[in-house]
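There are structures below to look over.
Both complexes shown next keep chain A, but they swap its partner, so chain B is in the first and chain C is in the second.
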Partner chain A sequence: MTMFQVENLTKVYGKVRAVDDVSFSIQKGEFVGIIGPNGAGKTTLFHLISGVQPPTSGKVILNNEEITGKAPHLIVQKGLTRTFQVPRPFQELTVHENVEIVKSSKLSVHEQAKQIDHLLQQVGLGSRQSQLAGSLPQGDLRRLEMARALATNPDLLLLDEPFAGLNTAEIESLSELLLQMHDEGITIIIIEHKLKALMKMVKRVIAINFGQLIADDIPQEVVNNEQVLKAYLGDRSWDFAYNH
Partner chain B sequence: MIKKYKGSLGIITLLTVTLAIFPFINDSFYLISILTLANLYAVFVVSWDIVSGFTGKLNLGHALFIGIGAYSVGILHDSLGLILSILVGVVLSILVAFIIGKPTMKLHGPFFSLTTMVLPLILFQLAYTYRNLTGGEFGLNVSVPLSRMELYYVTLAYMFISVLIIFFISRSRTGKILLAIKEDETACSAIGNNVERYKLMAFLISAFFAGLGGGLLALYLRHVGPNVFELWQSATILIMGIVGGMGTIIGPFLSAYGLTFLSEWLRGTEEYQDLIYAGLLILSILILPNGLASVGAYVKRKFKERGKGTDDNVSSRELNESLRKSESG
Partner chain C sequence: MVADIIVFGAIWTAIYSMIALGFSLIFGVAKIMNLSHGAFFMFACYAAYYLSSSGLGLFWVALGAIVITIILAIVSYLGIIKPMRNSLTQVLILTFAFAMFLEQIIVITFGPEPRYVPSMLEGGMSILGVRVTHQQVLAFVITIVLILFLWWLLSRTNMGRIIRAVSQDREMASMLGINAEKIFIFVMGLSAAFAAVAGLLVAPFLTVTPAMGWSPILAAFTIVVLGGLGNVWGTLIGAFIVAYAEMITSYAFNPQLKEAVTFTIMILALMYRPNGLFSKGVSDA
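The block that comes next holds the complex of A and B.
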């Protein structure tokens, strides 16, 4: 069942087409990766989908309802949540409070309050609930970002480079959490540069370059796609990322 | 919740009880008069703080709502009676806050602050223009059926109830969302919160209490004139808020009393009064950027630094953590 569609989505800044006529659809229960070189337009695509920025043209459809250009909080209430490339904790609030102020798309404030402890335990922050978020190390900030996203009870979760800045053990741990979330029924779209870790989780990869969708297939086909290879050709970071 | 915030609640309650008992120890007309004014300023500053300190939207014209409340009493108290005229002032303040806040809260940049700064100045001019209604530069006299002592206790009750309500809002989930909005509106919206609605709600609450206080101010002064809209009225509240510690409620609450007395003390210096006030503001920003509310944490930190021999600056995060610890007792 098609749960989510992006149709001809475009974002133009002056003469720059940051996202250029991108279209794809996601089935309920999928776990899809998005890859592309730096500056390809991946995060901008997430901004357009999640309402942080309005598109220049095109549509975003979630569960047969158009959500194009709606305010971010309304899109969250429809069941779509995103995380940010750089974690954005509320530093003056504690870990517990950071999750407490999330507005769930399905639960009342009272029902949600009962879940906070379980959520924080689930992401591994159970013992840090009273700690100010601003004092958390990078790995825990990612976990907090995840806990806040989960607290919205999303149907579709957009993750923007959740492994950035993490070591191998942390990536492993976070990957397990993501797979668990997927098993629990959340449809996930994940942007990542750490390709080895990504390929272990996803069954489908979309590749973006210069704002355009250049490939959409199973991981093995995408990494051997000529256009994808050209996008990374000469970029040593591609080879490094794939082998790490 | 009461147990959790017993520190701040204790201060508010203790000060209120002290002020309630005070006239039995010293019923000096002069002191009671200053304390009545301080009671009003405590609510003006605290109601200002729930917007400017908590959402980060700096209100540069809180005098607008005070003036609306005051003029409503001045114009209507004869025809509608005191209570109804005060209520009209409150309703008008909320309405004006809605009209200003709805469009400006959506905008990024200084538009909200500029709008709030300009509007009292416009009303200041209108008060002169529509002199048949407002009495022009002479203003309007307000006949008050309350003695000075009765008015003192009315303002004390108004202060206690208002500050408690605003304090509990600030420490509730709503207050935490307001703080999150100040830090990062986009992130707050991305976790499902209607940021514009929360900012507007804070502004309406602020207008409610300021408008109510404005009506009481007219009773205190027994007069209302265009100077109620003056920039200095708003600037005084701003200074009290910054010196006290924006975003804490308890800091501005205490600084309102301190600075009201200071203002009276400086009255004799006349031409230097504004200079001293401005100097105080600059000093407090340099020495205590987080205001008086952080002084406990600052002193503690300085003693620690002497022991370690370091000279690190106190981060706002550490100050807030310390404040939270002292607040929860």
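The block that comes next holds the complex of A and C.
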């Protein structure tokens, strides 16, 4: 069942087409990776989908409802949540408060309050609930991002480079958490440069270059796709990304 | 004289705190430098004057004046501030113009001559040998209660946590399902309510004139420069400094020099501590 569609999505800045006529659809329960060299337009694509920026043209459809250009908080309440490349905790609030303020349209205030402890335990921050978010190390900030995103009770979760800045052990631990979230029924789209870790999790990969979709297939096919290899040529990031 | 300075310094610290907290709060949360804040203070006094002259009881006069001022503030936010909110300079000019506009409306409606707003409490008492009116004591007590209320709201309620979250990162708050625009409207209303309550409390012992909003906005501006824009506790300390500097000047030198001292503090603060004595974002502590 198709739960999410992007139709001919385009974003133009002056003469630059940052996202160029991108179309794809996502089935309920999928776990999809988005790859591409730096500056390919991946994060801009997330910005357009999540309402951070309006697209120049094209449509975004979630659960058969068009959400193109809607305010971010309304898109969240429709069931689509995203995270950012750099974690953005509310530094002067505690870990618990960071999750407590999240507004979910699916749960009552009482139900939401009850799920906070569970979520923080699930992401491994159960013992740090009263700590100020600004004092957390990088790995825990990622976990807090996950807890906040989950607190919105999303149908579709967009993750923008969740492994950035994490060491190998932290990546493994976060991968397990993401797989667990996926097993619980959340559809996930993840942008990630650490391809080795990404390919272990996803069943489908979309590759983007110069704002255009250049491949959409199973991981094994995408890593051998001529256009994808060409996109990464001279960038050395392919070797780096695939070996880290 | 020392007792006078202590007692009236405390009363004006409280009143200035309330005016400046409203001014600081809307800047801290929405980055709006609202120069019409003093006009809201003045408008509430005239609303109270109008309602009291129509024969309403004091409770309804106060409630009515606060509600009317809140509505005026929200309408001004939606009508003129929101479309320009991303430009601090444009908001400064617009809110300054709106304050002038309100002042002229009041002049046309009520005339330039001073008006009288009745005290909520009659009589007086002695504190440290200094004669103060019950209205002044009431102003002090209500201000303290409202400052405690604001502290409780920001630090102990989910609405307060959401306000602090929006003040720290509006975009991220939106990504967590929070309607930041609603929060701005709420804080604009709260800020105006603080200006209105301050106006209602001091109107009986001040001269109510169309230009009465400029002096409080000067004090509020100086206080938040001292305390750091958006910093609640810094604002209280800034109010203490400005109020006592004014009282010392009034009693030891000349009351006419009061505002000159406030200006001097503002100039010195902008020259040497432009980010405030204790710069940080809106917080509960």
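Keep in mind that, in the parts below, the second predicted complex is superposed on the first by the 244 of 244 C-alpha atoms of A that agree within 3 Å, B and C clash if a C-alpha of one lies under 4 Å from a C-alpha of the other, contacts with A are read in each partner's own complex, and residues count from 1 in each chain.
Following the convention adopted for this analysis, a residue touches a chain if its C-beta (ideal position, glycine included) is under 8 Å from a C-beta of that chain, and two chains touch if they have at least 3 such contacts.
The structure displayed is predicted, hence computed values, not measured ones.
Participant: After aligning the two structures on chain A, examine chain B and chain C and state clash or fit.
Facilitator: They clash: once the shared chain is superposed, the two partners overlap in space.
Participant: What is the contact status of A:73 with respect to chain B (first) and chain C (second): first, second, both, or neither?
Facilitator: A:73 sits against chain B and chain C alike.
Participant: Mind working out whether A:52 is in touch with chain B, chain C, both or neither, as first, second, both or neither?
Facilitator: Touch partners of A:52: chain B and chain C.
Participant: Using the touch definition from the top, say if A:88 reaches chain B (first), chain C (second), both or neither.
Facilitator: So A:88 meets both chain B and chain C here.
Participant: Kindly classify A:132 by the partners it touches after superposition: chain B alone (first), chain C alone (second), both, or neither?
Facilitator: The first partner, chain B, only.
Participant: Once the shared chain is lined up, is A:100 touching chain B (first), chain C (second), both, or neither of them?
Facilitator: Both partners, chain B and chain C.
Participant: With both complexes superposed on chain A, which partner does A:148 reach: first (chain B), second (chain C), both or neither?
Facilitator: both
Participant: Do chain B and chain C land on any of the same chain A residues, and which?
Facilitator: Touching chain B and chain C on chain A: residues 50, 52, 71-73, 76-77, 81-82, 84, 88, 90-93, 97, 100-105, 148, 151-152.
Participant: Please give the residue numbers of chain C that touch chain A in the complex, ascending.
Facilitator: 158, 161-162, 164-165, 168-169, 171-180, 281, 283
Participant: For chain A, which residues count as touching chain C in their complex?
Facilitator: 50-52, 71-73, 76-77, 81-82, 84, 88, 90-93, 97-98, 100-105, 148, 151-152
Participant: Would you pull the chain A residues touching chain B in the complex into a rising list?
Facilitator: Residue positions touching the partner: 50, 52, 71-73, 76-77, 81-82, 84, 88, 90-93, 97, 100-105, 109, 132, 134-135, 148-149, 151-152.
Participant: Taking the complex as given, what residues does chain B use to touch chain A?
Facilitator: It is residues 173, 176-177, 179-180, 183-184, 186-195, 316-317, 320-321 of chain B that touch chain A.
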